[in-house]
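Each of the two complexes below includes subunit A, the first together with subunit B, the second together with subunit C.
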Partner chain A sequence: MQTNPLQQAITYLLTKMADDALILGHRNSEWTGLGPIMEEDIAFSSMAQDKIGHALGLYSILHETYHAPDPDQYAFLREEKDYLCCHLVELPIGEYDFSLMRHFLFDHADALRYEFMEKSSLEALRPLSKKLKGEIKYHTLHANAWLTQLCSAGDESYARMQSALDYCFPLALGMFERREEMEDRLMDEKIYPGEEQLKEAWLERIYPILVKSSLNLPDPVNTSPINGGRHGYHTQHLQPLLNEMSAVFRLDPTAKW
Partner chain B sequence: MENNSLDPRVNRLHLSDAASLVIVNDGENWNVYEVFHQEKRGAHHEHVGCVHAPSPQLALVFAKEQFGRRKKCVNIWVVRSVDILAFEVEDEDMFANNLDKTYRDASGFKVMEKINKYKAQQREEK
Partner chain C sequence: MYGGGYIFDEPNRRQLKDEQQHDDPEKLLEFEARITSGAKIEPGDWMPVEYRRQLTRLIEQHAHSEVMGALPEGTWITRAPGFKRKLALIAKVQDEVGHGQLLYNAAETLGKRRETMINDLLSGKSKYSNVFNYPAETWADVTVIGFLIDAAAIVNQVANAKGSYGPYCRALERICYEESFHLKQGHDAFIELATGTKMQRDMVQDALNRWWQPIMHFFGPPDKNSVHSEKLMQWKVKMASNDDMRNQFLDAYVPKIWELGMTLPDANLQKNSEGRWGYSDPDWDLFFKVINGDGPCNSERIKVRKWAEESGRWVRQALMNSANAKVLPVA
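So, the complex of A and B:
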């Protein structure tokens, strides 16, 4: 499929971003009809739809420029080990505290990835990041508003958000899992600044909001990240999700939709 | 009845005894916010409906998806419904004679003709 090492690295970068968006979009859509209140149900479902759209945008670049299969085929017909999403996005939706915290931690990192892509030396990435900017801005605004609201809504609410943060944090660090052979190529070509720099920027971005919400950030230095996803090792939750997500598509992969 | 399913659809709220008091704590009762959207910069904000939210920030966040996710929209206002002051329905009679006072209508001015003439002239010059 890939012809040279740089194309391989670009495919790796776009695939992990797209897979994160696809899987989290699918997960978040599981709240549709079950959200805590109608307004939030609509907002959360709408953002889940956006995520699938982001995945499509990235898969399309891969297809058009980097010889990947058609976006639907690529999204639905790969084996589990070929997905590069992180563990954070794979976990079941759990309760709303977890889903919101995941949304908060993920979307701030996502926003930064697209910001970096806008400055990338690789021109093919810039139009998409520009196009998605406003959408992702809303996603982080939504997450910030909920976080500050729930952290000031009484002891139980605050305690649940803190424990959701404690639980999600090592998983969130797994978003920045490195694959050096790929990353070095991207960094050399100034296509992407690398996960370490992204993580630092992310910590700086989320910290003021956590302070505003009086949440305690677990120590990033002494927390072991939950890695594996970027190398194709996944949680037990991914395969059942893939089965469900692709069930209809697999009935007839050649069907025109 | 215990149910250990992880599917959120089968979890059920355990209602307490119907005779016991329902206590509503501070912050549990959400406000209704009226939503106004603006289709383009400089246009009036128009009332489009309402949302239910615990804070102005979240009201705005909700309003964006309820009323700003389709078609054109450039901005949204939200305001708590209780902060809007209005007349009572029975006081509608204050406006009853408006239709007789046509001398107050702004319809008699000839300015539109002038504007249209000017526009036509501009087009011709192009």
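So, the complex of A and C:
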């Protein structure tokens, strides 16, 4: 799309954020009609709408300012290796314990990302970040309320949430996978603070809620993160998801749908 | 979305106590006079046993239809072509589930708990709109559902919103307001295909051909077969006859379909000189077969719903159990 190294780095940053939002939005939308109670079904659909809307906002900036194809083409028609989402968002919805824990871990990181981006030197990102930060606040409130509730409601739900945390944590560390050649440029230009700083802020943010929920936080220093997504290497779950997502669109990508 | 296919449920006289079979005649007269005067009946008011029973059944079926209706459309959220359609469809299906929630609340005011209603749905005792027991095979099916089934549901729901039971009417007012946006959403997606490429037009024509009979079934059996509708209409539980609603729907939407150059698979479909629509009778035996559980997707829909109920049980139990606090484990 462009050769300027800074533009490449910006494209990388916006693409990975948008891809995370798109793929998690896709997954959360799969709860529509299937939630454990109707109120949760509605909550997950509503968060899915927000996430897909966030992805659209970011793809639109890429299209308008950084010469990416229009959002539908870019979101629906890339090759799997060109997606930059992390593995955490790719996994199927599983049961509610997994989906809730993923939502908790992801949305706190997402909230922080936009809090930082609101002060970014990249002007195009600031108004969008401010808006999205306001929406994600409700996602984290929702996750916190459910997590603390389920962890104080008897052995089964507590044990399920602890197992979900143990399972998700290495995947969640994969959200902060670095690509140094891109990151250094972005940090030099004060566009964004870098994944390491985000990860530290995230650990501080989630820790008090995990303590309140009596959950044991896995050791962040000695846990190996599950990386790969930011370099275009994905789980076996992404390709079928992309096939499904683009099935109708690919029937005739030049037609209006 | 819910059709007018509400079928009077014959009470089982042997199971009813005498006082349930014979409402206090003075109170009954007063009740019927209130309904005739246009007053709304509220949850604490006296009402005939049979009014409560039929209304509970009606609102419950409506609620189930909203929730089950989310399934065929919901599977297309992940496949919707492009951001515009995807965002609109999630919002729409989310609304439908919200309607289910509103309606379960309205039915609960008559004394039946949501959990009991859902158990009755899973056991097959409670019904839901037949139309959701057909498969949504292509994206064009989603546009036909969003346009024509929602349009048909609006005809029925606008009528029911003028009924006699306060909580149901208030829920329906809000539902109709949201449904009018759904109709715009469906209409827009339908027109896009109907005015699109040859492949898109073929897709939508094929969907129309397959959905026409379920749409004709949607308003329920012909009036000549609905022997018990009179009492329900006098009590303003049922607000318009099945045939009248079907005619109103055909009058509003058949011309719109024809204008787009699409056809409908019924050579006898035409308006007569008195302004009523004539059509070939759809297969009513099939209608009853599907209601009684033998449609193309009945077992698949119930299976999905059972999965949701069973895998979500621990969450619901945990909600009832918050006092049982965990102590901080030793780190």
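Note that in this section the second predicted complex is superposed on the first by the 256 of 257 C-alpha atoms of A that agree within 3 Å, B and C clash if a C-alpha of one lies under 4 Å from a C-alpha of the other, contacts with A are read in each partner's own complex, and residues count from 1 in each chain.
Note that a contact is a pair of C-beta atoms (placed from the backbone, for glycine too) under 8 Å apart; a residue touches a chain by one contact, two chains touch by 3 or more.
What you see is a predicted model; the values in this text were computed from it and never measured.
S.K.: If you stack the two complexes on chain A, which partner ends up touching A:223: first (subunit B), second (subunit C), both, or neither?
M.R.: A:223 contacts neither subunit B nor subunit C.
S.K.: Per the contact definition in the header, classify A:153: touching subunit B only (first), subunit C only (second), both, or neither.
M.R.: After superposing on A, A:153 lies in contact with both subunit B and subunit C.
S.K.: Hey, is it subunit B or subunit C that touches more of subunit A?
M.R.: Looking at subunit B versus subunit C, the one contacting more residues of subunit A is C.
S.K.: Does the superposition put A:8 against subunit B (first), subunit C (second), both, or neither?
M.R.: Touch status of A:8: no partner.
S.K.: After superposition on the shared chain, which partner residues are touched by A:93: those of subunit B (first), subunit C (second), both, or neither?
M.R.: first
S.K.: Now for A:244: first (subunit B), second (subunit C), both, or neither, which partner does it touch?
M.R.: Second partner only, subunit C.
S.K.: State whether A:142 touches subunit B only (first), subunit C only (second), both chains, or neither.
M.R.: After superposing on A, A:142 lies in contact with subunit B but is clear of subunit C.
S.K.: In the overlaid three-chain picture, which partner chain does A:34 touch, first (subunit B) or second (subunit C), both, or neither?
M.R.: both
S.K.: Considering only touches as defined above, state whether A:42 meets subunit B (first), subunit C (second), both or neither.
M.R.: Both subunit B and subunit C are touched by A:42.
S.K.: Hey, what residues of subunit A end up touching subunit B and subunit C alike?
M.R.: The overlap between the subunit B and subunit C interfaces on subunit A comprises residues 34, 37-40, 42, 46, 149, 153-154.
S.K.: Using the touch definition from the top, list the residues of subunit A that touch subunit B in their complex.
M.R.: 34, 37-40, 42-43, 46, 92-93, 138, 141-142, 145-146, 148-149, 153-154
S.K.: Show me the residue ranges of subunit C that touch subunit A in the complex, using the header's touch definition.
M.R.: 67, 70-71, 74, 77-83, 85-87, 90-91, 93-94, 97-98, 100-101, 104, 139, 189, 192-193, 196-197, 199-200, 304, 307-308, 311-319, 321-322, 324-329, 331
S.K.: Okay, in this complex, where on subunit A does subunit C touch?
M.R.: 26, 29-30, 32-42, 45-46, 48-49, 52-53, 56, 71-72, 75-76, 95-96, 149-154, 156-158, 160, 211, 214, 216, 241, 244-245, 247-249, 251-252, 255-257
S.K.: Can you list the subunit B residues touching subunit A in their complex?
M.R.: Counting only subunit B, the residues touching subunit A are 6, 8-9, 25, 27, 51-55, 57-58, 60-62, 64-66, 69.
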